[in-house]
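Notes to accompany the following structure.
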Amino acid sequence: MPQSVSSLAAAPAGPSLLRRLARRNEIALLLSLLAVIAFFALASDTFLTTRNLTNVLGQAALPLVAGIGVAIVFISGEVDVSIGSLVAAIAIPLITIMNATESFALGVAGALALGLAVGVVNGYLAAYLGINSLIVTLGTLFILRGGVYLYTGQRAIPDDVMLESFFQLGNGRLFGVVPHPAVIAVILLIAFAYFLRHRPFGRQLYAVGGNPEVARLAGYNVRRVKFVAFVISALLATIAGILLASRLGSAVHVAGLGFEFQVVAAVVLGGVSLSGGVGSLAGMALGVLILQFVSNGLGMLNIATEWQLVITGGIIIAAVAFDELKRRRA
Amino acid sequence: MTKLMKTLFAASVALGALAGAAAAENMPKKIGYVVNYATHEWYQNVIKGMKDRAAQLGIELEVKDANLDVAKQVAGAEDFMAQGVDVLIITPVNEEGVVPLLRRAKAENMPLVLEGNPVKGMTTMVAICDYDTGYHAGVAAGQYAKEHLGGVAKVMNVGLPLLSATVLRSNGFMDGIKTEIPEATLVHDLDGGGNPDRALEVSSAALAQNADVNIIYGINDNSSLGGLQAWKAAGKSQDGLLVVGTGGEGLAFINAMETEPSYKIEAAMFPEKVGFTAVDAAVKVFNGEAVPEHIVSPTTPMIGADWKKYYSVEGTTRSINWDAVNGVKPADKCMKTAADLK
Amino acid sequence: MPADPALRPAAEAAAAPALEMRGIGKRFPGVIALEDVDLVLAPGKVHALMGENGAGKSTLIKIMAGVYGKDAGSIRIGGRETELRTPRDALAQGLKVVFQEIALIGEFTVAENIFLEQYPVGRAGSIDWKRIRGEAAALFARIGFDVDPAAKTGDLPISQQQMVEIARALAHEARIVVMDEPTSSLTPSEVALLFAVIRRLTALGIAVVYVSHKLDEVFEIADEVTVLRDGRHISTKPIGAHDHDSLIHDMIGRRIENLFPRSRGHHKGEVVLSVSNLSTDAKLKDVAFEARAGEVLGFFGLMGAGRTELAKAIVGFDPIRTGTIAIGGRPLKPHDTRTGVSLGIGLLSEDRKGEGLMLELPVQQNMSLAALENFSRAGFVEEGRERSAVQSFVDRFRVKTPSLAQPIKNLSGGNQQKVLIARWLMRGLKVIVVDEPTRGIDVGAKSEIFALLDRLAGEGLAVVMMTSEMPELLGLSDRILVMAGGRITAGFERDAATQEKILNAAIG
Amino acid sequence: MSLVSDRSQIVLLGILALLCIAISLAAPQFYTGANVIAILRQCALVLIVATGMTMLLVAAEVDLSVGASLAFTGCVGMDVTNRTGSLVLGTLAALAFAGGVGLFNGLVVTRLKVNSLIATIATMMMLQGGVYLYTREAVQNLHQIRAFTELGAGYVGGLPIPVLIAALIFIAGFVALRFTTFGRYLYAVGANGKAARLSGLRAERLKLVAFLATGLLVGVAGLILASLMNAGQPTAGRGFELTVIAAVILGGTSLSGGRGTLVGTLLGVLVLKVIDNGIIILRWNQDLQMVVPGVVIILATWLDLVRRRRDAR
């Protein structure tokens, strides 16, 4: 009988905890976020108010929720850009079912069913058939948007029953302060951060993205792990879509146009690598918040859209280049 | 500043304003305008009109651009409410998508004016009548066709099904033209995306499929110009062709009317006037005055060199002739609205 | 070196075989990879599995690991018939394969990698991180392996990563451990550590399959040896029944009279490469040496001594901090491979896949890459000339490929290496730097590569060879430089060099 | 040598033939000279830029900023021609601008080592904002130079000038990619950048050249578009980058570099544009113009994958 190794246990403290902490990408991001907030707080007198800060959290909730899914797909070594059309598509069953049944729960179930179906299709095509996931999800991005236009005849579908619960979901505030979407986003962030760090499946996602061959040898079902990542991403985009639909009070066919770029940019800014296996939800969340606060702050300063675009583009290049330089020096 | 002084101050500013301005009312200090697409020429001119009017009245006007993103529009309105503006003006990216926003504004007693499209639960809206605009242009096109095109009207509509406003324009145009030429036909009904390159592309394909067209209608200037360029690119002569544009928001249509023999009718929608009217409406709503649900901003077809009445061009800047534009009488009520589409 | 008999199990109980594979067959489209192969492992024994590349070793190992399914035959583990359909099946049966290529996630900590296959979970299915760290530390302590379990795996040198791999097998309480070329990047002291670990395993009754090309190691550690050739079982004998020659004979079906067919008549020419005062940020400290036309200059060093770093610096691939490199008297612009190549220095990288091959592209494109300018006029490639040049090299080097249009990924390691050497010969170099030129290449092809390098030196090239293989170093070099800690610590003429002297210098 | 005759192109050729036959049967107008010319003209713009994009993808990079750059370039070209009254100066300015954008992208990717997908999304944003800083509205044709109009709408020997330009660029690109050392090096850099560098290739510079070439080709396309529109349109080019990339990928070029041909790209462009045109000719709902290409790209990529897997055995 081989000797059991579990009899010996003594947890050694990592000797270089501080050094490892300093190397963490998240610290740099947090400092950047604080710098952004400090800058706008000085430049605008309406920026640093509870009302505005909580507003931004509520606005950031959508990219945060969808960003969790996109980050998970990135971590597994794939890409998902279909979410922009998906947030618009799932609102159709959501609103139509609510209009027909006056049931919030049934509407949500319908939305989740569509989201699940899209995730399954993306996952099957990319993970099981092995088609490049950028192509697959670019394809579903087109197909879903076209499908939404075809189905709705390019008209928004209004929410005719106006359920209070549905309205409150996206528009209400917890204790009158924190917007509900922000609360939901934080809960999901914590849950998925736990999932990625402390559940074996979460680690499998990293392993599969970091080195699929190794993951396969370790007995992981690489395809299944990636498949699940796509499903998770689609379901989270569905939740983001439900929140958006509540804020819009309808299924709007043009909702989410360009949302995928916004989320992908934030996720990459947050240090989640396009090549898989690297990144954290904390980084992703900081990336989303930085871009959201910049957008809000520039708006507060009355900066025109064109400058906002130029500045945001510049930030993305600078941040990713900085990250790369840091990595090369390390 | 006491309330009295505020009133006095506002009054003194208003005194210096144009005749017809809301005189001696309480002026809002700050108006926030969430525009759906600020980089578009149409809205640039709306904003220009708003800024002119707000400056006259001594009001601060701030603009946030949704840049065609419904989520960003809601965020922009939220930000304005957090900033504490006195009145909100909104041009919805999508009219259904701002219903909850209106509800929240109402809950916070935030006066709100819509521009463009009606929304469930609104107080008032400033808008042109899209159907009427198309209709009157259609009537003018019909008359032109009787005189110059032998009474034949085969129309290619370079449309945009995405928006109810643009659908109404197309419908109005066809209805209008039929009052003059009952046998007018719609040969092609296209989605030109409202942008010039897409309009050019789909028009090229459509003209190749069936070139038996003698009138090109565009729901905006990009669409009509895209259609015309497709015609030219197909190597066709402009003899016997009529191009009708809508909007009249920039220099493009003026350039076309000056240089293209077929570009004869432009349905002017005076975006500056829309902005002007919206600010006036905002002041009224701020003061709790009764306002009609739909405040109509005038439109009119401009035929041939008519545009010179309303606009003057110097170099690359265009300026509006307020006297002439303020003289165009708006309809009291639209012939058809988005509600009629359903 | 004889094994320490104390660590060998004293008596061999007539227990059931730990693993019994009978009549194993595996075919891929168009190829029979294995046919009727038997392998029987006794508990507590080290069983060497040998054969040239393409003999079927990797296929057999992958069947054991559950990576490939078998087409024919039966597998019994501990006497029970079983099927190994997935890697998980194999692990569940107590069969752990340590592959040659590092199978660790670089971004994870060492401790986490140890438990990659089976995370210990606590309440509610959460990973028990404390236990992972504790058990990893305990495991390392037990096998005398000094590494921080909390270190990021990717930051460790390859040799330590390999040790982590082996430690991982222990953590799984495996009854059968398969090691595929485990020493290919280990230093001698690490090899000794590994062997101690293997002996400890066998003492516990674990069966070990040891796959290696290194005959010396096999003779040192193995109890039995099975030889495969062309997908067939050739022989299984106790190690004592073999000598070097008989083992090689079994492997390649003929005798290689001399693995190092050195033509003794190298004529040393003038200095073509001179390096002075070379330092880099990362590793190298004040390195200076010269290489002459017509000589093989061997660099030896333990893992981390700086051989690869030196190779990459002198061809202009990596930036340097100080120093000069001159080829034929003309200075090389640092960190610029283009001037390097045009001055006549090129590198055959140790990392064939990562830095040598364009896997998806045909043999022709791979071979002519560096010499394309020779076949071009005004920027246009003259394909006829290119093709005939490539064809002549393919013939001369006996590269086994169905056609020049074959994607190079379909060739064996030895043939790939020949193509890469030809890439440089086509270009025409003064100095060729070869880094671990025979890594992952089987015995038969090895001797061909050696003969090639020797011939190059004979033709007047300076061959600078970086190697960690002592026989290769001694067999091929005219002159030997030893590195340690980024410096050159000793130099020997070939006749003055002995294994002991070199090792002493390498330990620094 | 499989650089030209990739068998995936036979599949594409089949799809194209099938589409053409099916559409012509349903709507005979499809085969009229006018429609063929309309399709070719639409293909021309895409093909010009796709030629550069194919080079980029072969070198394992991508440029998403081409749509935004297309619009900006048209404005610059028109504006400078207006100001100077010289078509030559306008053309040079447009090419310099678009080439500059390409160079900027190339430098960000090769020097700052930013992933090109991200870098060019950022450039796209900056150009979309920048064009409105440059001009608030469409830049009108104030110079009325005839040659400028001819560029987009003129004919030579019965063929539209943009089609001729595209054909010349395609042939030049084809020759460069297929027969020159430059082309072969691009494949090498895309297939294995480190191996290419070790072989004495300047991998970064080659990529830079591919970015620059793509930029310049966007300049050419931007001028043609401005001529066709008779104005520099800041709103033009939305989604153009996706059409171009879709066509290149449809043509069998790999996103991971080292594999692809311009013949495939040509077929990809034709298939996409025939679908686009066919939907209008057949008077189908134009919303299908988004759905069908989405399906076709996934399908074609999958077929290619299946075929390559079969070949590998």
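Going by the order they are written in, the chains are A, B, C and D; count residues from 1 in each one.
Throughout what follows, a residue touches a chain if its C-beta (ideal position, glycine included) is under 8 Å from a C-beta of that chain, and two chains touch if they have at least 3 such contacts.
Nothing here was measured: the structure is a model prediction, and the numbers come from that model.
K.L.:
Show me the overlap between the contact partners of chain A and those of chain B.
P.N.:
Both chain A and chain B are touched by D, going by the contact rule given at the top.
K.L.:
Measuring between Cα centroids, which chain is at the maximum distance from chain B?
P.N.:
The chain lying farthest from chain B is C.
K.L.:
So what's the Cα centroid distance for chain B and chain D, whole Å?
P.N.:
35
K.L.:
Rounded to the nearest whole Å, what is the centre-to-centre distance of chain B and chain C, using the mean of the C-alpha atoms as each centre?
P.N.:
Centre separation, chain B to chain C: 73 Å.
K.L.:
Measuring centre to centre with CA averages, how many angstrom lie between chain C and chain D?
P.N.:
45
K.L.:
On chain C, where are the residues touching two or more other chains?
P.N.:
As it turns out, chain C has no residue touching two or more other chains.
K.L.:
If I count partner chains per residue in chain D, which residues reach a count of at least 2?
P.N.:
Within chain D, residues 132, 287 contact more than one other chain.
K.L.:
Provide the list of chain B residues touching at least two other chains, using ranges where the numbers run on.
P.N.:
Within chain B, the residues that touch at least two other chains are 39.
K.L.:
All pairs of touching chains, please: list them by chain label.
P.N.:
Contacting pairs: A-B, A-C, A-D, B-D, C-D.
K.L.:
List the residues on chain D that touch chain A in their complex, please.
P.N.:
Residues 108, 112-115, 117-119, 121-126, 128-133, 242, 246, 249, 255-256, 285, 287-295, 297-298, 301-302, 305 of chain D touch chain A in their complex.
K.L.:
If you look only at chain C, which of its residues touch chain A in the complex?
P.N.:
Those in contact with chain A are residues 65-67, 86-88, 90-91, 97, 99, 101-108, 112, 116-117, 119, 121, 125-127, 129-131, 133-135, 137-139, 141-142, 148-150, 170-171, 173-175, 204-206.
K.L.:
Can you tell me which positions in chain B touch chain A when the two form their complex?
P.N.:
38-39, 62-65, 67-72, 74-76, 78-79, 81-84, 93-101, 103-104, 120, 161-164
K.L.:
Inside the complex, what are the residues of chain D that reach chain B?
P.N.:
Chain D reaches chain B through residues 27, 29-30, 32, 34-39, 41-42, 132, 136-138, 140-142, 144, 152-153, 155, 160, 225, 228-231, 233-238, 240, 276-277, 280-281, 283, 286-287.
K.L.:
For chain A, which residues are in contact with chain B within the complex?
P.N.:
46, 49, 51-52, 55, 58-59, 62, 149, 153-159, 167, 170-171, 244, 246-259, 295-296, 299-300, 302, 304-306
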